[in-house]
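First subunit A sits with subunit B, and in the next complex the same chain sits with subunit C.
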Partner chain A sequence: MTTLDIYIDDKPLKVEPGKTILEVCRENDIDIPTMCHLDGLTDVGACRLCLVEIEGVNKLQSSCTTKVSANMVIHTQTERLKRYRRITTELFFAERNHICAVCVANGNCELQQLGYKVGMDHIRYPYLFPSCEVDTSHDYMVMDHNRCIMCTRCVRVCGEVEGAYNWDVMNRGFNVRIISDFNTPWGESGTCTSCGKCMHACPTGAIWPKSLSGEQLHKNPEMISELVKKRKMNL
Partner chain B sequence: MKPGLLTTSAELSKTDPRVKLIAAKIKKENARPEALIEILHTAQNAYGYLPMNVLSYITHSLHLPPSRVYAAVTFYHFFSLKSKGEHTCLVCTGTACYVKGAQAILHELEKQFGIKAGHVTADQKLGIQVARCVGACGLAPVVVLDDVVEAKVNADQIIQEIRAKIS
Partner chain C sequence: MDSTDNRKILISPVTRIEGHAKITIQLDEAGKVTDALFHVNEFRGFEKFCEGRMYTEMPVITPRICGICPVSHTVSSVKACEMIEGIEPALTGDMLRRLIHLGQNISSHALSFFHLSAPDFLLGYDSDPATRNILGIAEKFPDIALRGIRLRKFGQEISERITGKKIHTSGIVPGGMTFPLTTANRKALLDWIPEAMETARMGIDIIKRFQDEHSEMVNSFATSPTHYLGTVGAHGVHEIYDGKLRFVDMDGNILQDQLDPASYLEFIAERSVNWSYLTYPYYKPLGIENGIYRVGPLARLNVASRMKTPAAQKEFERFRKINDGKPVHGSFYFHYARLIEALASVEEIHLLLQDNRIISNNIRTHGHWNQSEGIGSSEAPRGTLFHHYITDKTGKLQKVNLLIATGQNNPSMNRSITDVAKQYVDGNDIKEGMLNRVESVIRCYDPCLSCSTHAMGQMPMKIEVLDVSGKIVSELVRS
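For the complex of A and B:
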C-alpha cells in the first residue's frame, strides 16, 4: 500500500493517504484538543480548537477537516497555537452562561476539562450573558441552551446515526440556537425518537437526563463511536 | 410520531392561488429536496413572508426534516417567518397588477395608514406587505386581506374594508 511521508512536530511519519491530520495525531499520541469532533461522526470544523500550523500554508487549518498530503510539515504545539486554544476556550465560556458549580456535568464535562487543560485561570473577555431558554418539555431529558457551545454533535448524531433529524441550528451569530423540528418544544417534536444519543454525544451539561441531580452525570460519547463501528460490521 | 406536527396541505385552502403557485413550483422541481431554497423563494414572494402552515406543507412535500427547513429559513435574512400586525394587507406588485395600477393602490394605502410597505402600524393592528406575484394575474389588481384574495380592487374599497377590520 502506498504511504505518504509527513512530519509532525519534527517527527517523520509514514501515513496512509485519506486520513485527516487529527486522525494521524491521535494514532501517534499527539495531543490536540477538540470539541466538535466525535469519532464516528462527520467532521465539520466548528469549534476551531484543533487548529494546526502547516508550513507553506498561510492560514491555520483545522486538523479534523484537513487531510494529510505528501511531504506536509505540520506543527501542533507552537506558542501561537497554545495561545489560540486558550482564547477559543475563553470565548466558549464568555459566549453563554456556564456556571460549573450548579451544573449536573460538573466534574464530567469536556468543556470544563478543556479549561483545565489550556490553563484557563480567568476569562479576559466580557461575558455576553445571552438570555437562553431551558427546554424541559421532553419526558426525561432537558436541553439547557445556557450550556451549549454549538459544537453540533447532537445535530450530527441525531441525523447521521439515529436518522431522526430532530435537531438542527437556527439563526446566525449571537442568536444561533439548537432547535428541534420547527423550533418546537423538544417534548412536542414529531421526529425525536427519545433515543438519548444526543445526550451522550453532548460534551457539556447542555443535554442531560431529568433523573439526575448535581454532579451525577456520566456521559458516554465513546458509545456513539462504537455504535457507528458496529453498524458497519453487519454481523 | 405525535399528530399535528407534519401538517399537510389540509390546512391550506386549495383554491388559494398562492397555494397553487407553490404546488406548481414543487411539481416543476420534482419535489427535489435540493430545490428547497427556490421553493421558499416562491412562497415568500407569494405571501410576503412564510406562514407556518405553508412551511409545513413544503417540508412535507419535499420529505425534509422540519429542523432542516427551519434552519434554512432562519439562516437567510431574506426569509421572514412573521407577518407583522394583527391584520395584513398584501398588495401584489407583479407585472399584471402593476400594469393595472397596483402601485397607486399601494401609495394610497401607505398614505392612509401612515406606514410604508413592510411595516406595521404603531398599534400593531395593520401590516402592509407587497408580494411579487400571488399567481392570480387574471384578477389583477389583486390585494390579499388577511387570507382573502380580493379581485380587481380599487383603493377606496380596500381602505374601507381595512377600516372596518381594525376599528
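For the complex of A and C:
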C-alpha cells in the first residue's frame, strides 16, 4: 500500500492517502475538538472547531473535510488555534439560550464538555437571546431550538443512516433553523420514523425524550457509528 | 440618617433575610408612625419564561428560584406533574422525597434561627450591627454557632447522601426518585440523629429562655391576629410534605378542613399592589378586608391538632398553652414554632430511616401526559407552596402560577411592621436599634424574597422615613 509522508505538530507520520487530517489525528491520539463530526456521517466542516494550520496555505482548514496530501506540514495546537477554538465555543453559547443548570443533558453534553476543554470560564460576547420555539408536537421526543448549535448531525443521520430525510435546514445566519419536512411541526411529519437516531446524534440537549428532564439524558452517539460500520461489513 | 419634622423612614436594604427589600415608615407631623410598607422591588418572571417549555422540565427549572427551599419547589412541581400524568409515586420514592424535604426543612430552619435571627437573641438588638451576625456568635458563643452550622449541614447531607447533591438535586422526578438510599448512607444518616436532636433542643432552650426573659416584648411584638393556613395529615396531624389543607380563624375555629390543594383557587384570591412585586393573597370567602391569613411554622402549629412524634408533641403542648389553646398570634413565636418543627423533622427522619422500606430499589413509577392541568402543593419552610400548570395536549406549558409562602404572608408582614414601627420608632429620635426591631419582625417571618417575587439576589435592605408630603427625610441603608 502506498503511503504519504506528512508532519503533524512536528511529528513525522506515514499515512494512507484518502484519509482526512482529522482521521489521521484521531488514529494518532492527537486531540482536536469537534462538534459537527460524528464517525459514520459525512463531514461538512460546519462547526469550525477542528481548524488546523497547514504550512503554505494561507487560510485555516477544517481538518474533518481536508484530505492529507504528500509532505503536508500540519499544526493542530498553536496558540492561534487554541484562541480560535475558545472564541468559537463562546459564540456557540452566546448565539442561543444554553442554560446548563436546567438542561436535560447537563453532565452529558458535548457542548458543555467542550466549554470545559477549551477553558471557557466566561463568555466575552453579548448573548443574543433569540426567541426559539420548543417543538413538543412529537409523541415521544422534543426538539428545543434554544439548545441547537446547527451542527446538522441530526439532518445527516436522518438522511444517511435512517434514510428518512425528515430533518433539513432552513434560512441562513441568525435565522437558520433545523426543520422537519417542509417546516411542519415534528409531530405532523410524514417522513419521521420515530427511530430516535437524531436524539442520539445530537451533541447537546436540543433533542430529548419527553419522559426525561434535568440531567437524566444519556446519549449513545457511538451506536450510530457502529450501525454504519456494521452495514458496511454486510455490504 | 437625619431627623427633622414630618418624616418618612426608609430601611434599605433589610438585612439577614433572603432577597431584596425595603421598608417605608410614614410619619405624621408630630413624628409619630402612621403607616409602614414592606416593598419587594425585584422581579424575575419565572411564571412567564416557563411558558412554552415541557411540563416535565418544571421540577428542574423551578427549584432554581431559590437555594434555600429548592426541594419544596421540586416536590410541589413533581406533584403537579403527577396530576398531569395521573400517576402516584412509588412508595419508597415517596418516602425518600419526604426524607429530603424534611432535611431541607431542618436546614432552612437552622439557617433562619442560628445564622440570621440568633444574633438578636444572643448578642442583643442594640448591639453593634457590625458584629450582630453569625460571625459575632462564632466569636462569643462558638459552640452554638458550630452546632447551628452542623444542624444545617445535617439537613443538606440527607439530599447529598441520596442524590449526590446538597442543593438543586436532580433525582426527584414525577413518579418518585431516580436514586435509592444505600444501606451505608442510611447508617451514616442515622448516626447524625442524636446530635441533630440535641441541637434542635438547644435552639428551643435558647428561644424559650429569651421568651421568658423578655416576655413583655415577646408578647407585644407584632401580635395582630390573623387566620392561618397549613397542611395537615389525617385527624389534623402536623404535616409538611403531603396532606390536605386546613384554615383556622383567629380564635382557633376550623374554617375549612381537609381541603384538596388542587382546589386552592376556590379559597385563595390574590390582588396586586402598586408598591411591591409581592401580591396580596387573602382567604376568598372572607374577602380582602377580613381574609388576611398567615402560613409557615407559626401557622402550621396553629392549625395542627397534634404533632406526629413524642418530643415535638411535648413542645407543641407547651406552645399551645401560650394563648390558652387558641392560635398564637405573636410574630415572635415564629422562631419557637420553627424550632419545634426542626425537632419534629429530626424525629420523623429518624422514624423514616428505621423503616426498612426506605432502602428498597423500587423507587419510581412511570407515566406520560394524561391531562392538561396539574396542581401540586407542599409545606415549604416558610409555608404552603402551590405550583399550578396548564399545558396543551403535547405537554407544552401554556400557563404557570406559583403561589409562594412569603407572598401569602405579605399582608400580615405589612401589618406586623406597622405594629412594630408604631411601638418602637420615635420619629423625633431615630436610633439604629429601633430600625433593627422593625427589620427583625420581617425576620420572624423568615421571608424568602427570591421565591416570593421569584426575584434574585441576596438581601440588602433599606428603611425610608417619609414626611407627610411623601418626601424622604431619613433613610437607613445596609448592603
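Following the convention adopted for this analysis, the second predicted complex is superposed on the first by the 234 of 235 C-alpha atoms of A that agree within 3 Å, B and C clash if a C-alpha of one lies under 4 Å from a C-alpha of the other, contacts with A are read in each partner's own complex, and residues count from 1 in each chain.
One rule holds in what follows: a contact is a pair of C-beta atoms (placed from the backbone, for glycine too) under 8 Å apart; a residue touches a chain by one contact, two chains touch by 3 or more.
Note that this is a predicted model, so its numbers are computed, not measured.
Overlay on subunit A: subunit B and subunit C fit together in the combined arrangement. In the superposed pair of complexes, A:F182 makes contact with subunit B only, with no contact to subunit C.
By the touch criterion defined above, A:M170 lies against subunit B but remains apart from subunit C after alignment on the C-alpha atoms of chain A.
In the superposition on chain A, contact of A:L212 is made with subunit C only, not with subunit B. Across the overlaid pair of complexes, the angle with its corner at the CA centre of subunit A and arms to subunit B and subunit C is 100°, in steps of 10. Contacts of A:S137 after superposition on the shared chain: subunit C is touched, whereas subunit B is not. In the superposition on chain A, A:E160 makes contact with neither subunit B nor subunit C.
Of the two partner chains placed by superposition, A:D9 touches none, neither subunit B nor subunit C. After overlaying the two complexes on the shared chain, residue contacts for A:V104 are found with subunit C alone; subunit B is out of touch.
In the superposed model, A:E90 makes contact with neither subunit B nor subunit C. Fitting both structures onto chain A leaves subunit B and subunit C with a minimum C-alpha separation of 17 Å. On subunit A, the patch touched by subunit B and the patch touched by subunit C do not overlap at any residue. By the touch criterion stated above, subunit C contacts subunit A in their complex at residues 52-54, 56-61, 64, 168, 170, 173, 178, 366, 368-369, 392, 394-396. Per the touch definition, subunit A reaches subunit C in the complex via residues 101-102, 104, 106, 133-134, 136-137, 142, 187, 210-216. For subunit B in complex with subunit A, the touching residues are 1-2, 4-6, 52, 55-56, 65-71, 74-75. Across the interface of their complex, subunit B is touched by residues 159, 164-172, 179-184, 188-191 of subunit A.
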